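In what follows, subunit A forms one complex with subunit B and a second complex with subunit C.
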Partner chain A sequence: MSKLTEIRWHGRGGQGAVTSAEVMGLSAIEEGKFAQAFPSFGPERRGAPVLAFNRISDSEHIRMRSAVTQPDIVVVLDPGLLGIIDVTRGLKEGGVLIINSSKSLLDIKSEFEGPWTLAVVDATAIAMEVLKIPIVNTAMLGAMVKVTGVVKLESLAEPLGERFGKLAEKNIAACRRAYDEVSIAAQGAVSQRPEKTFGEVTWPSWQELLPGGVVTDAGNARSYRTGDWRSDRPIWDHDRCIKCGVCMLFCPEGCVEQNEQGYFEANYYYCKGCGICARECWTQAITMVEEAKA
Partner chain B sequence: METLALYVPRLLEKKENFAPGHRACSGCGEALAVRMVMKALGKNVIVVMATGCMEIISTQLPYTSWEVPWIHTLFENTAAVASGVVAGREALTRKGKASSRTKVVAMAGDGATADIGVQALSGALERGHDFTYICFDNEAYMNTGIQRSSATPFGAATTTQPVGKISMGQNTWKKDMPAIAVAHNIPYVATASPSYPFDLMNKVKKARDIEGPAYLHILSVCPTGWRTPSDLSVRIGRLAVETGVFPLYEVENGKYTLNIDPPQLRSVEDYLKLQGRFKHLTPEMIKEIQEKVEAKYAELVEKVLFYDGF
Partner chain C sequence: MKRVGLESSLAIAEAVRLAGVDVVSAYPITPQTHIIERIAQMVADGDLNASYIPVESEHSAMSGCLGAAAMGVRTFTATAGQGLELMHEVLPVASAMRLPVVMAICNRALSSPLSIWGDHSDIMAARDSGWVQMFAENGQQAFDLTLCAFRIAEDVEVLLPTAINIDGFHLSHVIESVLIPEQGEVDKFLPELPRPYVLDPRKPLTMGDFATPELYIEAKKSQDVALRNSKKVILQAWQEFEGVFGRRYSPVETYRADGASVLLLTMGSFSEVAMEAIDRLRESGEKVGLIRLRLWRPFPFEEFRQVASQADLLVVLDRAVSFGGPGPVCSEVQAALYPLSKKPQVAGFIGGLGGRDITTEGFEDMIRNARKKADAGRLGEVEIIGVRE
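Showing the complex of A and B:
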């Protein structure tokens, strides 16, 4: 029986989780292994949470085609997802959890320690320094290879070169830095899974749906949060605001509202942080502030 | 720039008939356009919508962003379904069970309008049903991953017309859908852009209040497919008008009016250089586009002047 390793990547649309999985799969094939790489996402768009999966087998064809529900390895590309999705769901005992975060291993440990190996790397900082853009997929690949040894670091070079062309060198550099900088906690210190509850949606069963998929509750999308897609948030400077309302006019979400004093504010439950309001504001009263610093 | 008449809140309908919580990309120009259209239409409408980005981002079971009756259709039969809804409304009105003032509005993307649904649309316009058809034109099949449509402009890179040794992006010119609508001799045809919100909302109201078919063509900037930063959506829409790439005009019973007529057109380069889909263009291609845009614009101005003579 050959060893089958299952990997789940958590990212956001446009962050490169799917590319990570592809490069990982190609690297394994490079080493003569068998591999699958495939994404899973709904019709959500840029910024929405997405999943990508890998299956890697040492010596046998992989017949399974379903989504990975009990991964050996979980990689989290976006620290913002930690609060909204249960990233450890189904993670096997003795598995590996790798998180991109600017927090120290100690801080992360208190929240995500469990019967698995925990590793933390500040991939965003590495990406900003090396690539000058906050796309962390290649850095996370480096960290993941270091912690798990699923493939060798050298095997990543060719698929990365093929995928990124001119930008390959920088991406390989980011990969190497993360490989060197990832901090790993000793495994198995805690056998308890962290208890977390998330405001998960309960879906109606098919018996409860009306024929034809009719929805009778008009505008019920209002209960759906899109605010967690945001990486920057608009902040209004009331000294510069002339209360003209252009921000309200041009918001694609329709989430800018006027408060009692006549100033405008975004409803962060919906705001996706596109930045149109800040760009269109005549008096430049709106600035986009990085979500982590707001 | 359009006179925004400071203090938007006094002029703008507050009610959102297109509810937030929809799943469009951040900075989506089409979601912005739909939101403005719904503000202008009010609640007494039935929306018939073709498959496309707007449909799947706004109606993911069990959620809906629509505050009005809304029905899903396929790419090819939006206008046909709208015709049927109009006929149903008329039958119910005769029986005293519905109001003839309830407007039927068909909405579709450029693929569903200019490619797949054009025969149904042509039929419905020709038969003269009392409905408004709105095309949200983001210049490719963005929903399925940026494939070219016949509304994709010359030179734009798409996933089916990529840039390489053989292809330099789209090799044909954008299909002139409003002109096709005008050729049906319908009472009202207009182009609009969410970057000129009050112009857009006035046109929607006009189309709604006209008896008979009306056609609106709205340019919707797509940050994902046009490869632009999400905060530039409104600015790029404005540049499309200022450069003459997408002039805003209306045709009422054959009479042309230019709504935004800049004293001097900006160079198309200002519009093209902001978009990743055009970044491969050579100076010759830009020159070609400039000439074509100027010629089309001159043609339009000529039509406007011709009708001014009467």
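Showing the complex of A and C:
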């Protein structure tokens, strides 16, 4: 059997993780390899954590169709996910972990060093400079190709051209910038894996389901932390705030509340970071700040 | 209890009235029309205190029943043929949501060619919808099983929609004598049962939720187990029915099957015709008997195996075609027999499609034909009988 490379992309709905996987798969096929690209199928919600996958084989049709649970390569498009999702879960020894972050390689190493090659690139900064929007998928592709060499940088050009049309040139530029700027740390000790704990979701057994799957705890959506979907958070500047409450009126989530001093603040358990409050604020008292930097 | 001459359709309407149904949501279609016309009349005349919803299609008829059943009230509808097909999308929703809707199906052939006449194509296409499904052979059974359907469907251990199948025209439009009980007797058999989960603004809950791959299969397992387990309650309900009314029903019923080396298997009103054929053959000394499959879902594996395994040859009549496959009943009984070490050979026939009669002679021929095929070792393929060549 020929070597199989399995890749897992972590992003948020709307950030282009699925596109990354598609372009990666098409590039590999372009090189004459066999490849798969697929999303984790599910309800689509902008901002919600999503997964996309690749399998790449040099010489064989790939029959495996289940989700990638023991990846060789993990790519994290959104630094905000690092605190809420175990991105290193199942990552093989000798694998590669590539993170989009404005933090230095040293800082990232202190958190994510393990028996794998660790790489960091400030893809958001590159995307903002080159594309003027914080969509980092093409930059992350460049970083990924540099660190792993699963395909050649040139092979990305045609699929990127097809996918982005008029915007292809800028996306290829973002891709190249990240290729040049990514910082890489050598593999850590095998015994060393990041010690992080994440809330495990538990599901009921079939015996525990009520007839017809009836849900009796009314209003349980209240416990759903939609704040996990947020990549930017609104911050209020009290010097500019006139306490008019427009932010509260426009918040589609109903999660902006007035505090005892009369100022408004978002309940970050629910705030999805949509930015409507910041856009509607008459006095520009609200700025959206990248979650990882807040 | 009094004996009256009544069309089977009207006997079902009478059962619905005596059951004190709260909501009827229905759309007329031949040959079911008499049932719901009569119910509409009862509601209009004040003989039945129910809401009658005259919907615009069968899809809406079943949707209306779902909503009403979710509120916890007794709910009934009836349909046939294409009507059941149009209703199809909602059928598995009713069972998955565990809503005890009761429905009479006047079994009718499916188009095309357009046929208003009877066969079992409609219910066989709805076989896997998760409903409790039973078959009546005469007007009395149509009445009795309708009453039983409410008792079964609404049992807290079941909570599943239940269908009573009566053959279109052959049963639906036949007037014969039927024993109709007094209201008091029906009330004794059919008390109002508590419903654990109903829509109530004071106690809000969610029904018919969304499930990701992490949950869906557990939901289906729970539903399948519920349908399988419903047999216990069905047996209990039929026992209670016998206690009150003196008539006994079983998932698998037989006729002169003791010591029979050849067994014929039928469902629905043709079973009584087949009994005539069995009598004639018995009189001429042949060891033949009849299996009448009363309960189609949940399939009564144990009871069926117990009865069928002793014979040498099982002759199965299907009144529906599974195009390119065996007859639906035949494939079911073959699957049920397969694990047994001692089992009969199976001869599958398809007949009585689109209202075509099968006479006693027809059944006699079928049994002779099956014997010949068995002797010649030619039982492999299903045969459509009574076809002009």
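To be clear about the criterion, the second predicted complex is superposed on the first by the 245 of 294 C-alpha atoms of A that agree within 3 Å, B and C clash if a C-alpha of one lies under 4 Å from a C-alpha of the other, contacts with A are read in each partner's own complex, and residues count from 1 in each chain.
Everything below uses one rule, namely that contacts are C-beta pairs under 8 Å (C-beta built on N, C-alpha and C of every residue); 3 or more make two chains touch, one makes a residue touch a chain.
Computed from a prediction, not measured in an experiment: that's the story for all the values here.
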First (subunit B), second (subunit C), both or neither touched by A:Gly165: neither
Partner chain in contact with A:Val246 - subunit B first, subunit C second, else both or neither: first
Touching partner for A:Lys272 - first (subunit B), second (subunit C), both, neither: first
Which partner reaches more residues of subunit A (counting touched residues only), subunit B or subunit C: B
Touching partner for A:Trp203 - first (subunit B), second (subunit C), both, neither: both
First (subunit B), second (subunit C), both or neither touched by A:Pro211: second
Residues of subunit A contacting subunit B in one complex and subunit C in the other: 42-43, 203-204, 209, 213, 215, 218-219
Subunit A - residues contacting subunit C, complex: 42-43, 201, 203-207, 209-216, 218-219
Touch list for subunit A against partner subunit B, complex: 42-48, 203-204, 209, 213, 215, 217-226, 229-230, 242-246, 248-255, 258, 267, 270, 272-276, 278-280, 288
Contact set on subunit C toward subunit A in their complex: 96-99, 159, 196-197, 203-212, 214-215, 217-219, 221-222, 225-226
Complex contact set, residues of subunit B against subunit A: 4, 6-9, 12, 16-29, 31-32, 35, 56-68, 143, 194, 197, 223-224, 229-235
